[in-house]
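Pasting the structures here.
Here come two complexes built around chain A, the first alongside chain B, the second alongside chain C.
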Partner chain A sequence: MKKVLMGNHAISIGATLSRVQVIAAYPITPQTQVVEKLSEIVANGELDAEFIKVESEHSAMAASIGAAAAGARAFTATSAQGLLLMHEVLHWASRARLPIVMANINRALAPGWTIWTDQNDSLSQRDTGWIQLYASDNQEVLDSLIIAYKVAEQLSLPVMVILDAFVLSHTYEPVEVPEQSEVDKFLPPFNPEWKLDVNNPHAFGGLTAPNIYMEFQYNHHNAMLKAKELINKEGEAFGKIFGRTYGNIDKYKTDDADYILLTSGTLARTSNIVVDSYREKGIKLGNLRVRTFRPFPTEEIYDALKKAKKVFVVDRNLSYGHSGIFFEETKASLYNSDLDIPIFGFVTGLGGRDVTPELITEIVEHGIKSEKPENDVIWMGVQK
Partner chain B sequence: MFKPGKKINFNSAKDLPPTPASVGDMTHNFTGSWRNLRPIIDYEKCIDCMICWKFCPEPAIFIEKERPKIDYYFCKGCGICVTECPVKCIAFEEEGK
Partner chain C sequence: MSEKKRRLKLSIPEQEVMRPGNLACQGCGASLAMRYALKALGNNVILDLPACCWSVIDGPFPYSSVGVPLLHMAFETAASTASGIRAALKVLGKEDTKVVAWAGDGGTFDIGFQALSGAAERNEDIIYVCYDNEAYMNTGIQRSAATPYGAWTTTTPVKHFKKLPKKNIVEILAAHRIPYIANLNVAYPEDFIKKFQKAMSIKGMKFLHIFSPCPPGWKMKPDDTIKVARLAVQTRTFPLYEVEDGLKYTLNVKVNKPKPVIEYLRLQGRFKHLTEEQVSTIQKNVDEEWALLMKKIDKE
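So, the complex of A and B:
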């Protein structure tokens, strides 16, 4: 059934359709409606789940870890400072190999105090061992939640589904809400082989000596690499049932493109508009949206870019003293390949500043005109 | 008094469960070897109140024929029993003396 939903309610409904069993969450702008809606759904008896009110985000993740370790399908959601407070337990969740799914609404970090979007909160969690999926519309937000559990539970890895504050979280869009019976066919109940069970006791996460610690990391890394395949496979399987297919990357007119924008989140949708206007002028521009940031889809990005003359990475984030983070990752992952084309790194839209088609057009113009990038960070829209 | 538990050794990445988990129990782990001071019960003075048994965090004190007994395989020598004993009948002696 088609409904008009804000991004936050698309998350709540996605979690409900995934039949989550434990929800532990702490409200934070711009995530609050996710939790409000879920508490309503549970209170109305529409979902058979434990709703745990916790005193902080650290506790929200800790409770999710306990629930998942006991074999329950656990869900939480947060944003910005809340995600940062979770940092310690994010490592715990992934290293304990617990398939928790969390929605994170991308909100810029303070100070200056802010509630608007950029990606520095989630990208600061790059090395926590979580799968990270960046959505670009509310339909994808809902669908990604369901696919996330399917991937997470097969690989024993946690997944973060990420969306832009306000641009998606508070924006209403038409969303096709799948039938519960169809979702049940796609996503079977969670039944892990290893769980806390009084009849078969184990202690989890105990002392792991140097003789075996590294092997756990080796297995974790390999599971992440396997996720590249599985995200595509389950994204296609989802498409066969629901008619909407998802993968690690999303190519828009890149196959014959001379110039390719590399984007993520909602920036990609704005960029597609710009691609169309360039195509009308006969200039072959394309847009490669990176949906999976961890694991990083190096091979697919290489394939999408290999025929291009120039690449323009648009980052709504920044690693101070270095560059935009998608730019850094793209450049580094292609360094040992035979691809030798200029890759430009544009930083823009920090703290929720609007990234308009005009601004993306400026980026493209700058890139086409310049032979090579003058710096690792090309600021766009900054009032110098 | 002591029954050894099952110990499973992991030798390669292929043997591992997804999460670092104990398999079986920890009775193979003789934590008594960590001990510097050994608590010794003077059974002449002991009133069998079992307060030491209740307070032992390991637990390395068990009850045998209605009297408390210290399991030196697992007692780490923390001294809680020495402090808590109401009749001060548990002495702390240096190991190796």
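So, the complex of A and C:
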């Protein structure tokens, strides 16, 4: 059924269709409608779930860990400061190998107080061992939640589904809402091999000496590497049922492109418009949207970029004193390959500053004109 | 009637859920506490354990000494994790399984306090246990909000021993009006087990506060654990009472002829620097607190 949904409600409906069993959440702008809608859905008896209205995001994640460890499908949603407060237990969730799924709405960090979008909140969680998927429209938000559980539960890894504050969270778009029966065929009930079970008592997460600790990390890393394959596989399987296919990357006219924009989130959609306008002028521009940030799809990015002359990475985030983070990751992952093309790193749109087609055009113009990037950070749309 | 069957009524259950062997120090009160608790709780229980001495006591991976499922968790999450386990069991139709958060005083009085208050306000159907050894013992005896006035710790050295009173955790929980709160003591196993059994029969949030001596941290002989724990009650330092619905106070062990508090203090090296005057201050505080408590005790 087609509905017109705000991103936040696409999350709530995606979680409902995934038949989540325990929801633990704390309100934060711009995530609030996610929890409001879910409260309503649970209260109406449309979803057989327990909703714990915890007193902080730290407790939201801790309760999710408890729930998942006891064998329930757990869900939470947060944003910005809330995600940062969770940081300690994000590590715990992934190291405990619990397939929790969380929606994070990319909101810039304070101070100064802001509620508008950028990606520094989720990218600061890069090394927490979570799979990170960046969505670019509300349909993808809903679909990604369902796929996230399918991937998470096979690998025993948690997944963060990430979307831009307001640009998606509060924007209404037409969304095809899948039938529950179809979702049930795609996503079986959660039935973990290991859980807190009184008939088979074990201790989880106990004292781990140097003789064994590293093996857990080795397994965790390998599961993350496996996720690259599985995200594509399940994204295709999803497509066969629902007609919408997802993968680690999303290529827009990159195959024959001389110049490729590398983007994520909603910036990708603005960039596609710019690609079309260049194509009309006969300039071969393409856009490579990176959907999976962790695990980082190095091989697929290499394949997508290998015929290009230049790459323009557009980052709505910044690692202070270094560069934009997608830029840094892309550059680093290609360093040992045979690819030797200029990769430009543009930082823009921080704290929700509008990134228009005109601004992306400026980025492309700058990149085409320059032989090499003058700096690791090329600021765009900033008053210097 | 045929001949009456003579039954031996045991006040302490025979069952041993806890397995032999763990990493506790000699004379550890917390180890005894877990053994008694599991005797009462049985096998149909899930434990959630934030960072505390028991994170070590239970044993290294893949060993565990408790004999029931146990989830190790971060320091400040005992109550929130237990809430999550409780919710999962409810939705999975396993409501008969008890959920026990087992935390130390640091994880309860200090870093886990917010989550504890949150779970109490939500009246979560869990048993929250705080085994109180009055300092951060696992990290090497640093003061906590549970450290009493006068005590030496490594962060309250003798010259600057702790001059502040212990936080009254029972009163704080009582203010949340949760169904059941009790003080327990490892030297009073019958009372201890009765309180666990009572907690198991009550729906909603239960808070059990266990007095749990720590020989290395209190600088006392390991074989004095029971003696010191009993003196804590006999000197009225740690009264054994319970609070129902935040309002109904019952004294469970009467102390009509209290021993002077010095008898309790002098067995512990952590108090040995105290002057006579300081000991009188402690005696005065104990007397005042007892008087305050007696005003609340139900006289029926």
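Please note the rule applied: the second predicted complex is superposed on the first by the 384 of 384 C-alpha atoms of A that agree within 3 Å, B and C clash if a C-alpha of one lies under 4 Å from a C-alpha of the other, contacts with A are read in each partner's own complex, and residues count from 1 in each chain.
Rule of thumb we're sticking to: contacts are C-beta pairs under 8 Å (C-beta built on N, C-alpha and C of every residue); 3 or more make two chains touch, one makes a residue touch a chain.
Since we're looking at a predicted model, the values are computed, not measured.
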| item | value |
| --- | --- |
| Partners on chain A (chain B, chain C) - clash or fit | clash |
| Touching partner for A:Asp197 - first (chain B), second (chain C), both, neither | second |
| Partner chain in contact with A:Asn219 - chain B first, chain C second, else both or neither | first |
| Partner chain(s) touched by A:Ala49 [first = chain B, second = chain C, both, neither] | second |
| First, second, both or neither for A:Ala63, with chain B first and chain C second | second |
| Partner chain in contact with A:Tyr172 - chain B first, chain C second, else both or neither | neither |
| Which superposed partner A:Glu88 touches (first chain B, second chain C, both, neither) | second |
| Touched chain A residues, chain B compared with chain C | C |
| Which superposed partner A:Trp379 touches (first chain B, second chain C, both, neither) | neither |
| Which superposed partner A:Ala24 touches (first chain B, second chain C, both, neither) | second |
| From 77-85, 131-139, 149-157 or 221-229, the chain C stretch with C-alpha clashes against chain B | 221-229 |
| Touching both chain C and chain B, counted on chain A across the two superposed complexes | 69, 201-206, 208, 212 |
| Residues of chain C defined as touching chain A within the complex | 43-46, 48, 55-56, 58-64, 66-74, 76-77, 79-92, 97, 114-115, 117-118, 121-122 |
| Touching residues (chain side chain B, partner chain A) in the complex | 10, 12-13, 16-23, 25-26 |
| Contact set on chain A toward chain B in their complex | 69, 95-98, 156, 194, 201-206, 208, 212, 215-216, 218-219, 223 |
| Chain C-facing residues of chain A, complex | 21-22, 24, 48-50, 52-56, 58-60, 62-72, 74, 88-89, 92, 196-198, 200-209, 212 |
